[in-house]
Amino acid sequence: MSEHNDKDILVRIRGLRIEGQSGDHWTEIVHGVDLDLHKGEVLGLIGESGAGKSTIGLAAMGFARDGCRITGGEILFDGTDLAKAGEDEKRKIWGARIAYVAQSAAAAFNPAHRLIDQFTEAPVQHGLSSRAQSEEEAKALFARLQLPDPDGIGLRYPHQVSGGQLQRAMTAMAMSCKPDLIIFDEPTTALDVTTQIEVLAAIRDAVEAFDTAAIYITHDLAVVAQMADRIMVLRHGNLVEEGETRAMLAAPKEDYTRDLLSVRSFRRPEHPIPAGEAPLLKVDNVTAAYGDVPVLHGVSVDIHRKRTVAIVGESGSGKSTLARVITGLLPAKSGAVSYDGEEMPLSYKQRGKDQLRRMQMIYQMPDTALNPRQRIRDVIGRPVSFYLGLTGKQLEDRVRELLTMIELDPDDYIDRLTTELSGGQKQRICIARALAAEPQLIICDEVTSALDQLVAEDILKLLQRLQDDLGLSYMFITHDLATVRAIADEVVVMYQGKVVEHGPKTEMFKPPHHDYTDLLLSSVPEMDPDWLDKLLADRAEQAKQGRVLKAADH
Amino acid sequence: MDATLRLLRSAPPTALFGLFIIFAYSFIAIFAPVLTPYGETEIVGAEFEPWGEGFVLGTDSLGRDMLTRLIYGARNTIGIAFLTTALAFLLGSVTGFLAATISGWVDQLLSRIVDVLMAIPALIFGLLVLTIVGTSITNMVLVIAVLESTRVFRLARAVAMGIVVMDYVEAARLRGEGLWWIMTREVLPNALPPLVAEFGLRFCFVFLFISALSFLGLGIQPPTADWGSMVRDNATLITFGDITPLMPAAAIALLTVAVNFVVDWFLHKASGLKE
Amino acid sequence: MTSNKKLTAPLSGDVSRRGFLGGTAALGITAASTSALMGRKAYAAKKGGHLRAGIGHGSTTDSLDPATWENGFSLSMDYTLFNHLGEVDHTGGVKPELAESWEASPDAKTWSFKLRKGVEFHNGKSLEAEDVIASIQYHMGEDTKSPAKSLLKQVTSIKADGKHEVVIELESGNADFPYVISDYHIAIKPSKDGKIDPTEGIGTGGYVLENYEPGVRFMANKNKNYFKSDRGHFDQVEMITIIDLAARQNALTTGEIDMMDRADLKTVHLLKRKPGINVMETVGYKHYTFPMRTDTAPFDNNELRLALKYALDRDELVKKILRGHGVVGNDHPISPTNQYHADGLAQRSYDPDKAKFHFKKAGMDGTVIQLSAADAAFPGAVDAAVLYKEHAAKAGINIEVVREPNDGYWSNVWMKKGWGACYWGGRPTEDWMFTTAYAAGADWNDTFWKHDRFNELLLAARAELDSDKRRTMYYEMQEIVSNEGGVVVPMFANYVFAASDKILPSEQMAGNWELDGAKFAERWSFA
Amino acid sequence: MAQIMKMVAQRFALGFLTLFVVSLIIFLGIELLPGDIAEEILGQGATPETVAAFRRELGLDVPAHIRYVEWLWNMLQGDMGRSLANKREISELIGLRFGNTLFLAVTAAAISVPLALTLGVLAALYRYSFYDRAVNVVTLSSISFPEFFVAYILIFFLAVTYPVFPSIANISDATPFWDKVYKVLLPALTLTLVVVAHMMRMTRAAIINLLASPYIEMANLKGLSRARIIVKHALPNALAPIINVVVINLAYLIVGVVVVEVVFVYPGLGQLMVDSVSKRDLPVVQASAMIFAGTYVLLNLLADILSILTNPRLLHPR
């Protein structure tokens, strides 16, 4: 901060207070935050969900979403207090001097209009440029952001362009008026990890080229480490810590920051493959399709007792479909699914109660996995009474026991509605529901990806402990390699419906790799602020040698 | 109790007005025999007695007390409309849930049947069927209930479609739960809010539909007091600037307005739109 | 839907010599103007103008085919476009129209009709005997579906005697045959090769068809060659079907139409008060009945029938159902307008004690008697049944009113259920009325009644040309029906209709049909 | 494009299937009508002899399934047969009435659709303002009124008290166009009051529904004016539900106006059908029911196809 002068300050926020509406009353969600942003500077806002980072980012534009209102403080943008400015005054600044890049470009582009129309809209409406001139600028920007066919891509509709490209097109659109400031609101969160690299590179390049100031909002410390000059760590609407990127990463001052930094360090010792033991679940050369669209091509996976097998792949790789085939929701076209040596009917409808009981599933979104109209007692109690026939006192005792197992106080939780829980608590209930059936195998479908990192880590630890205590096997579907590192014994990498590589974890994280595995592994951001530079240089080097690693999304 | 009070306090004046009217109507409908000075079809005086003591709103063409007829009209018309709507919802939501939960050919079959039923205009269809089977209250209730249930089916199916793809329903299926459990325990409780709102709207439609049928002479038959036929019976008075025929019509309008106000508020609350 | 009330089919003129009663009671016309016009030859009819009449009848299923005519719209249309051999006038008597004169043999079996000469159809053809024969024959024979078919069953031969005379032979004598042959279905149409084209609108009437959209509108222009020089004053006549009562009345008061039929009885007192509107009322033969099936229990017991006849307060029915626009009936179908109405027969009145007495005598104590009703039977039939129930309850008779659907009432209820409500347009002659609905074995004997003495008298009176003898016989027959018949006839209904004061109706109106015998188009004019 | 053609073709096929089943139901339903057809047509004036003669004439002795096939075949060739009651060509009879029905529907739509869309867009633009609330209350009320109530009120004020419009819509072929419009204005207004609320509310809701979507937020944050956001960004995406509700209401204007026809004595198809039902003029009932059902199916087809055509995802496949 010392290297900047006060007159360089573009945005100065003081004592910002924001309230959010819940039901009929308003509660404060941002409690007096200060923020300074200098011209040309990139500021990272980081925090878990509920930290208020997006809200603050939008407030820097003087904008509050429906259900939010700015109740205090001042937001000086180049001398204008946006907290007090009128609607018209703000609309003059929005788009022209401050632009916004949303989390999901697919949702933030209007599906009814061509990209070029959306690009030129702001400059033409703000009277900054003619339509023709703006179109030329668009082509230049598209080229700069390394979009394919920069002259023609503008004529496409948003749905005709892939996610990674769309995100870059949105960055281009944000730059259409050469703004002083761009707010990036989690621009890569919705992307696959291999796609993310290119978008990050493009954004950084563009911001540097135009010397635009930026506020970069994310929950991923490793990403922000690549992008930001300075980082503010937020929690529950308060500032936790603020500092230059390298300094903060090297020596975090606060415990919370330290926790965030250490999130990826949890490691589970690998269990050995029990010699000569038959696998608990054997998926043999399974093929499956949605209607006529083939999704899985001859997939085979073995899961042994007390072991965790991680299925890794990007969206569309078929890893969730594999789970549906195993559970019988999507009966396989060919191949076999055997459990404990016994071949199971392919459709769940034909499976017996006990076959269903022994294999349970935990879902990605705890919100949709629990019936919002049921109480915990019923959610957990139903499988107990359904499979094991317990009633009355025995049932109650068992439910309480299960709640204790997942570290929730039975007295406090047993009569709550599922909607009265936090995300992490819901996921615990889902685990308890699975445990209630007393299964041997639990299929975990991206169980941590909807959770904040610290909460996710607790869930992983819980699952770990339960495995140790109860001798469970897990099939762990995930796209997050950090999770794989933490919990897996064995890794299966899937790509376009096929298994491209599989083996014990220790081997899988060591080269040499299948090209795709290599791309996947190398794309996982690291805390090192120079990681992105190194990676890009490395890939450029490899490209010279004729080995091109590119995301499928390109 | 506190929650109810708080809810009421947050309600807009239109909704409060609506609630008040609905309660007043229900009260009148339920306690009609106690509230009315005379019997429903009892002839108590000369025809067309003027307003005044004894007959607050005068008497009708047969010398029956107007006020009594109006109050019984509330009881009959509202009661029948309510019964019909309830029946339509029972039928429509059970089939709608079935279609969504089982899906596949059951869904196809039910949806096509509903398509066909909906392709025949309701009023015309009602007229036709009532002509075929004869106009009695039972027939009318059944016919309208079947007609309306197609609309309910569509909604129930659409709502249930959104629910059956939820992971908790999938979990129940994988657990091995039967159809009935899934429909009543997993789908129904979550489909309730939109269905309740729709119930209000459908009630209005049914109510207006019955009134229209009565107006055309095919609905509730005399001597049962009914607002639709009361309008028709007295419609000629309008020529002479007499508002008597508009009273039952206004009574219909007031109730449907009230229900719509409340439903509007309910939908607004349920949709979570903030003001 | 209330409009689908049916007119009983065949009917024609009125009785002669009873003009003082059977004629008109034009209530809306002020006494002054009526008397001022009275007795003057030149009744100040103005020529020209476009008449718009709102008619509360008419359906899309109507047509120009005389065999399908069954409602007030077809009737008025008939009298606008066509003529008949005879015409019923305001006195109720039938007088020659297309016939110049007629003559009967002494046994009343052979009738010869001399045709008027120089009459032209709208297409220019001259009226000749063959046209009349073809027009009559259209309603005869195996395949006709005309309601006049049964009327003409008595005809054994029709012959032309020259170009302008038609001779008709009957099976047995019928003194009332000119009435029969003037029935509204038997409109005279031009013939071609001995046949008429039933769907054509070409007649000899006062107006030429311009446009007819069944159930919607009828339009006709003045026939400049009309053989009646003092009739057919309008330039153009438009009839619009307006079934909805309120709409019809609104249309009249807002000047959309000039006249309307079937005024709303409930509000007729208000309509009278409206400036510029005349309300008119005529007494006819229309009566409402509650026929019982005398061939089935319990109605085969005359004591029960009598009990039910005494258990009804007719005055209240006239007051509440007809709102005073009618007279009480005496359990026989002969209207006070009819020539041989039994004036001396004691009027049956409401007597719960007598009802109770007969009911007991019938041994019916405690039985619930079902009465079927629908407004299709007559407007207010259900209300009337409800009133009946209330009245009978006071005599300890328990009537259960069974509401029947309007639709299908005539095919499913009438003549099927034991006791129901019914509506008769009535007949201009006693013989016709009795033959149609009271003679043993008649198609429409809706009480399935059989009385030997009555049937004997019927045959005798028909062939009798002496008026006094006929009177005695018809009196006795009315008494028999009243005391032993299977029908409760609570009331005769008046026709009540209205016109704007720009319309000048006839001085004296015919009562055989509504709207001046349905001949307003040729008899009325603008004032 | 091939995909769109396929979807459209599918919709057409489904529509025709529906119509086919409807024709069966209508035919069967009418077969079940109680009472003898011949008796009903001839009325109380019929004697057993005349009835028998008439039955022969109608060919009612032929078995039902043969009559159905014949009827369907003729219908497909555009020959609807003749009315039993008055022997007229049904196509001519219905043509005239259907023309009137369409005229009223078009007049009502010409008033109500632009009005509803304008009111709806304005309500969305000024949502939660006094204007919005007022329009909301007024439309909610008008949607709640029975049609005959609205009709009589309008007659009471605009025909009886202040005679601006005629109380009956007495039109014929010969009526000049503007005279026709003037005469149907009161029924059209009645219908407008009945349908406008539904369309307006749906327009408003469809737009407001989208206002929470990220691309509207993006449009806001591009500094565009509120009007431009509603018209340019929300409206095109709200078209599908709006088209749907407009079409439903158009269908209603055509098939659901019996009450208004009765009150205003308007010679439309609804009255024809009601008349024919009570007179058992079966060919006419069948034909008009088919026309109604056909209209409904066709309009829904139109809505479906328009929804497909306004969906950029389908219009511009990847």
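As written, the chain order gives the labels A, B, C and D, with residue 1 at the start of each chain.
In this section, a contact is a pair of C-beta atoms (placed from the backbone, for glycine too) under 8 Å apart; a residue touches a chain by one contact, two chains touch by 3 or more.
Bear in mind that the values here come from a model prediction, so they are computed numbers and not experimental data.
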item	value
Of B-C and C-D, pair with higher C-beta contact tally	C-D
Chain centre separation in whole Å, for chain D relative to chain C (CA means)	41
CA centroid of chain A to CA centroid of chain C, Å	89
Gap in Å, rounded to a whole number, between the CA centres of chain C and chain B	45
For chain B paired with chain D, centre-to-centre distance based on mean C-alpha positions, whole Å	23
Residues of chain C touching at least two other chains	1, 244, 246, 250, 253, 406-408
Residues within chain D bordering two or more other chains	34, 152, 155, 160, 262, 274, 277-278
Multi-partner residues of chain B (at least 2 other chains)	131, 134, 216, 235, 238-239
Which pairs of chains touch, using the document's own definition	A-B, A-D, B-C, B-D, C-D
Contact footprint of chain B on chain C as seen in their complex	1-2, 244-246, 249-250, 253, 264, 266-267, 270-271, 274, 319-320, 323, 375, 382-383, 386-387, 390, 403-408
Chain A partner contacts - residues on chain D that touch it in the complex	211-215, 217-225, 228, 233, 236-237, 312-313, 316-318
Residues of chain A that touch chain B when the two form their complex	21, 24, 66-67, 327-329, 348, 351, 353, 356, 361, 363, 365, 368-374, 382-383, 386-387, 433, 437
Residue ranges of chain D in contact with chain C within the complex	34-36, 39-51, 53-54, 56-57, 83-88, 93, 96-97, 152, 155, 159-160, 163, 166-168, 170, 172, 174, 262-265, 267, 271-272, 274-279, 281, 284
Footprint of chain D on chain C - complex, ascending	1, 4, 6, 8-10, 59-65, 68, 70, 142-147, 149-150, 199, 211, 213-217, 240-244, 246-248, 250-251, 253-257, 406-408, 410-412, 414, 443-444
